[in-house]
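As written, the chains take the letters A, B, C and D, and residue 1 is the first residue of each chain.
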Amino acid sequence: MEILWLLGIPLIGAAALALLGSRRFAPELNAALSGATFVSAAVLTARIVEGGPLTAFHEQFFVDSFNVFLVALTAFVAFTTTLFSRPYMRIEQHHGKLTPAMLRLYHSMYQLFTFTMLLALTTNNMGILWVAMEAATLTTVLLVSLYRTPASLEAAWKYFILCGVGIAQALFGTILLYFAAEKVLGAGGTALLWTHLNAVKGSLEPTVLSLAFVFLLVGYGTKVGLAPLHNWLPDAHAEGPTPISAVLSGLLLNVALYAVVRNKVLVDGALESHFAGNLMMGFGLLSVVMAAFFLSRQKDVKRLFAYSSIEHMGLITFAFGMGGPVATFAALLHMTVHSLTKSAIFFAVGHATQKAGSQLIENIRGLITTSPTVGWGLMLGSLAILGMPPFGVFASEFLILTTAMHEQPWATPFLLIALGVAFAAVFGRVQTMVFGETTLPRLPHAPALLPVFAHLALVLLLGLYIPPYLADWYRQAAALIG
Amino acid sequence: MMTPYSGILFQLLQSLLVVLAAPLLLGWVNQCRAWLSNRSGAGLLQPYRGLRKLLHKDAVLAETASPLFRATPYVLFGCMWLAAGVVPVLATDLPYAPAADVIALVGIFALARVFLALAAMDIGTSFGTLGARREMLVAFLAEPALLMVFFTASLISHSTSLSTIVETLAHSQAVIYPSLAFAALAFVMVLLAENARIPVDNPATHLELTMIHEAMILEYSARHLALIEWASSIKLLTYFAIGIALFLPWGIVEGNNWAGLPLALGALLLKLTVAGAGLALLETVSAKMRIFRAPEFLGTAFLLGVLGMLTHFLLES
Amino acid sequence: MPMTLSGQFINLLAALLLLIAFAMLSQRRILSLINLFALQGLVLTISTLIVAYSTNQGHLYYSAAITLVLKVIILPWILHRLIRKLNIQWDIETLINIPTTMLIGIVLVIFSFNLALPISQLAGTVTRATLGIAMASVLLSFLMMITRHKAVPQVIGFLAMENGLFFAATSATYGMPLVVELGIALDVLVGMFILGIFFFQIRETFNSMDLRHMEKLKED
Amino acid sequence: MSTVISALPIDFAGAIILFWLALGSIGLALQSRPRWITLLIFPASAAASLLLAATGLWALGETPDVALLPLGLPDLPFHLRLDALSAFFLLLLGAASFGITLYAAGYFRSMPGGTLGLLTLEYHVFLASMALVLVADDAYLFMVAWESMALSSYFLVTTDHKIPAIRSAGYLYLLLAHVGAIAILLCFGVMQGGHGDFTFAAMRASELTEFWASAAFLLALFGFGAKAGLLPLHVWLPEAHPAAPSPVSALMSGVMLKTAIYGLLRVTFDLLPMQLWWWGVLLLTLGLATAFFGVVFAAVQSDMKRLLAYSSIENIGLILVGIGLGLLFHSYKMGGLAALAITAALYHCLNHAFFKGLLFLGTGSVLHATGERNLGRLGGLMRRMPWVAWLTLVGTLAIAGLPPLNGFVSEWLLLQAFLLTPGLPHSYLNMLVPVAAAALALAAALAAYVMVKFYGIVFLGQSREEKLSEAHDAGIWEKLGMGWLALGCLALGLFPVSVILRLDAVTQLVTGHALGATAAQTGWLFLTPMAPERASYSPLFFLIVIATVVALTFFAVRRFYHGRLKRGPAWDCGYPAQTPRMQDTAEGFGQPIRQIFEFFFKIEREVPDPFDREPRYHGKTEDRLWYWLYLPVARVVERASALMGKMQHGRIHVYLMYSFVTLLVLLAFSR
């Protein structure tokens, strides 16, 4: 029932905003809808926490401890992002960057995007999962090109083509999966239901599944932004409106990774070997290293943090690849804190760029003097994302690194170098933006920094104290993923 | 074996002897130099006369002088007195002895030197700072060199306390320690440098190009100057005593049995006479070197000291 | 076992599909590209129908219908209108010259056949070789996307890839569950519309459909 | 003891940490009332420091006690543990920070409220995190505290962030700190018991092969070395320490560096199951190199705080030498000597905390009074600010290693440790030890040179600038703070035996042997590390003799002659036109060193032509390592990222190609 609410609200919201999206109260409506979605997500979460996994609508939907916390997280960040985008988009409109029509598109697509992500998370059908992922791309493409600038168009085009092609590979993988499944489960509806597949994963045909996993990994991996499939990501993040960058970085990547992991579970069950894990570790490590070096060339602040997202996704993928309770726990934790922190950073960056009227790092100076809140938000957020305790990102990085040192020592030199380079790159740039002299005037509009500090507070909390029920989620999920 | 009182008495005697006899040694050295350069010389007691004269004069103090400047001469004198008490000039195992071993002894000299250098900088004249700088330059090489000498000796005797060193060396079967030969050479060089003798420094001139020690005490006068002069003569004697203790320890009394005193005194007198003459000879035959050569000179001393230690490990252990 | 008639038909169509894929790879004119694409759709429909008939899987008829409507009628029609509106029928040059592309294509075919071999061994369906062909055509259209400069051919390549996948779905596995196929079809349709919007935006911004105008965003 | 009092030392320590954090937040809240902050917050936190020192002293004698906090990772609540080692460093932290915080109460008087509030928060978080590092008993808490320490100190360093140089200093600092932290983290990763058990207890229990133990040691050495300023990871130190406000510099140099020493001791001796001899040799050589390097660079500095920072590097080097020697002896089961070396190292930690803190505070007052850090523009301050001058003199003599002050005691112990070496099994080591001793002696002597330069140029002589004439002496709080530290230098110098007796618990924990019994065998007056006939030293005796002699001579001269005194202009060989400018500048004083150790430096100077109308001299001595190590690394990263940049080509075809190739490769790989 909650699932109906969960998916219904954004869907209807999308329709409603398609009509009313350009009205004066549209942003508030948008926020209200996301709020409602969040509430239903919370209710659902409560259900799962006490009742355990549940399936609905003849098993078409399946919610267990693994995806429920992603659902909650997605709904939450989507909600806070609407809070942020309320003043942000107003200011953009003031600056004449946006027409009412664009705003309408933005609002309704935003809801639709939320819907697709939630669908991808809650569905039990691997095919529908694919459909939802593709739909998520489609909904965001037009948002990336919202400003209609040449750069944004180019970014959107690359986003569309690369992700589309990637997703196509994923479809092929899904087909292969089905191909293997119907041998065991027989043709028809149930053969793509994850729960059923999971039940019989031991008897699935290994060769097919290994082939399938390659396609799935390349496919969904493109959306996760794993190097060298990541090339759409920085462009899309940099050129789209900041709220979209925030949700892309904070949520979409997670959802894509979720898809990969769901499949990994099946493949591991079928293969009895560490094939999938090795692939993921390889991709993860490569992404971390490449992203780190890319970071040290950035001139555009949003690109900077886009690459940092690639780095962190790589880290998470690496952790999932390592497997084992600790690493998986850490990976899940890292998913959470990364999306919280990264979206917070994008909020702060959004205000900063609006102040400076430019996304170029060299044009942003002395935030801490022009508007201390934004400055501190950016500074603390960056420190958090760089893995500085007592923020939560450190907790997960701590677990990942120590486990890696224990399980996969060969990888640690790369991680050490990559993290060092990344720190040098990101912090050097953030420091120049936050500190120093400046001539920038203050802006008339009050920035919406509640989301920023709410997120950072949560991340800080997770660094010092992980509530038991959350820990239990993670543990159950880790046990599930293995 | 020793009642504390007699021990303390012996200690006092030794210290007094050193303090009082120090100018005499200086006089003797100067006399020898005079003779060696065919001059009649001013006589053995000249230093005492000098001190008396200075003590009678009125002190003139630069306006810029701080209390530190005035305190320094006394501190210097105190340090030297302490040093004189620590070194077994006549006898070992005196009550002072455990208060400081060789390292501490080097520490005492360092303390005195730092105070003098600071005092020299206190007035804020070009010569003062120049002197201080040069003094510290000489010191930072001479001090480790001296330590190396001591280390060699203490590696032989497995101890850094002078008394033990002297006793071990005094009755060790092996009379010739090759390591000590190196050490002795290094020690002589250090002695020359530390006591402002030719070839490193020339106590007799106020030539700005060459002077080190004199440059530091330019601003002192009267009683302050007297104390400093006296202190440096004590320093000279102490160094001689150290050299004797390390390299010709025979005749030094063990414990304070008064019976051995005459012999010890005689031996000391003999050794000092010879050593003083030797120093005079050395100074006459060698020429003052440029100040920038001093580091090389002392560097050599330092290396000799290290070599001494190494040879000890190679040949004697 | 002796190949049934329907099985032989399907293999024939599969071969045809592959042929078309090659033709697209070598084709220079956009218009004929579109026609080839439509043809591919048609072949796909027929093969689906045959599979549906021979294995009487009811829902495959639906998907055949969807294919017909979507890939033989609507999409080509949209594409035709587009290129007429943007009048870009003229010839298109490729990054790599055609013969090389063909050679690479052949290598790809061999590669994918070898890849699919062990799998199609254990395929219980009448159509064993088709999986390899499907994979081959997917990779070929991928190659085509890589080699084309203009936006439209790239998109056609994309759609052709979709076709290959669809073929794999129908012939190799007797079709995915209907929900999924509907979803896929919907996505393709929406994607196409969005692309349509795009073309005009690109056109009015760069007044050309040449992708070489869209190489500004890079690290340097 | 603990039976009488219900609370254990650990509870006190925890309470003080919390109290500090509270004070910090209150300080932030009181932004609008700077007076309250300086008059209430800082004195209160100073009192807390004193209490902490007392706690440490108390815990030195107690059995280790542990505590659990319901925070941290789910399977890993924060473990706290207070054993002798932690207790000693807590004592150090408390004692030093007491003086420094008192001083700060006065020093920050004139700071604007907003900055002050923030600074108060950072300052107390800094203190608290340092304390937390010392009591942490699991890897996670340790790392959290460790990085918070780095972070808070970074913000303290960049208090004045509008100056680009300070920004880059802070950046360099945090970067190296972070990389070091990752290394430490990996070290814990090696030592962990597996399946995510990160308590130190588990690490003690885990058995490692020699290879992995060495890996852990090297990682720890890298990580903690980066914090301690070990060569060649020292470059941040002379940038960051001077950049901070002086009390913070004092804390960083005096205390924070010691937390790195603590970590090294903890990991090497406590957590690792074995100690290999070559670790000791490595540490010894690195330590010597560091000490020597530090002192030589200190000698040529012309900025007083940089000079002190370099001298901190030297002292860290000395401490590491002690630890290395201890490690060497320990690995050869020479317990007594190991205890001696470790005692020397610990003692030097304590000493350095006191005198370096004192000196930094002194420079702080000078900076406050004159607004000048460049030695070339100072001078003659002894007459303007006598209190500061005299108190600083104590620190100067102490750090110069002169008896009877504390610096000498630790150096003496260290040299004893070298000299009392009976033959080590390795003949090469036997060669190494005396050479090392020689180098040590050289470094110590150079330290005296440096300190004479520092003190003489800042406080003595004549003022080199006009504006110095209105320099004022420090306020009451400053005097109190510096007085406390100076007192510490004196006490630590005069009563070594009682201090060493207190250190026994620590050396017992670290090396399994203690020194106190032998050290005190002839009573508290004489310090005899091994046996009275081998070596003994009695600073008190020293002081008494010198004092009496001085007094006697003084009165004797007065009695037999006279005390008449005239004041006149300086004579200076009768040279007529004296100006303050004729005194040695810092460059002048450092010139001989620069000449002798030329190969250490990268020197660029422009010397005026004798016929210049207005001749100006400009000299710059830089660290070669910067050019040999750091810039190349930066260049490599630059190159690598440039290569990567080429990959991000901007052409969608190329991107598609990547995906395509990746797919094909994986497919080929999957069969």
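Criterion: a contact is a pair of C-beta atoms (placed from the backbone, for glycine too) under 8 Å apart; a residue touches a chain by one contact, two chains touch by 3 or more.
Computed from a predicted model, the values in this text were never measured in an experiment.
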Common touching chains of chain D and chain B: none
A-C or C-D - the one linked by more C-beta pairs in contact: A-C
Mean-CA-position distance for chain D and chain C (Å): 70
Intercentroid distance (Cα basis), chain B paired with chain A, Å: 78
Inter-chain centre distance, chain A versus chain C - centres from mean C-alpha coordinates, in Å: 31
Euclidean distance of C-alpha centroids - chain B vs chain C, Å: 101
Residues of chain C engaged with two or more neighbouring chains: 115, 118, 142, 145, 154, 211, 214-217, 219
Per-residue multi-chain contacts in chain B, two or more chains: none
Per-residue overlap in chain D, given as positions that touch at least 2 other chains: 644-645, 647-648, 652, 656, 663, 667, 671
Residue numbers on chain D that touch chain A, as the complex places them: 70-74, 139-140, 143-144, 147-148, 151, 158, 161-162, 164, 167, 170-171, 174-175, 178-179, 182-183, 185-186, 188-190, 192, 194-196, 198, 637-638, 640-642, 644-645, 647-648, 652, 655-656, 658-659, 662-663, 666-667, 670-671
Partner chain C, residues of chain D touching it in the complex: 644-653, 656-657, 660, 663-664, 667-668, 671
Sites on chain A touched by chain C in the complex: 60, 125, 127-128, 130-131, 134-135, 138, 141-142, 145, 148, 150-151, 153-158, 160-161, 164-165, 168, 171-172, 174-176, 178-179, 182-183, 187-189, 191-192, 205, 207-208, 211, 234-235, 238-239, 294, 297
List of chain C residues in touch with chain A within their complex: 57, 115, 118-119, 122-124, 131, 135, 138, 142, 145, 151, 154, 158, 161-162, 165, 168-169, 172-174, 176-177, 179-180, 183-184, 186-187, 190-191, 194-195, 197-198, 201-202, 205-206, 211, 213-217, 219
Parts of chain D lying in touch with chain B, wherever the complex brings them together: 379-380, 382-383, 393, 397, 400-403, 408, 412, 415-416, 419-420, 423, 427, 430-431, 434-435, 437-438, 441-442, 444-446, 448-449, 451-453, 455-457, 460-462, 522, 526, 528, 532-538, 541-542, 545-547, 549-550, 553-554, 557, 560-562, 564-573, 575, 578, 580, 582-584, 588-589, 592, 595-596
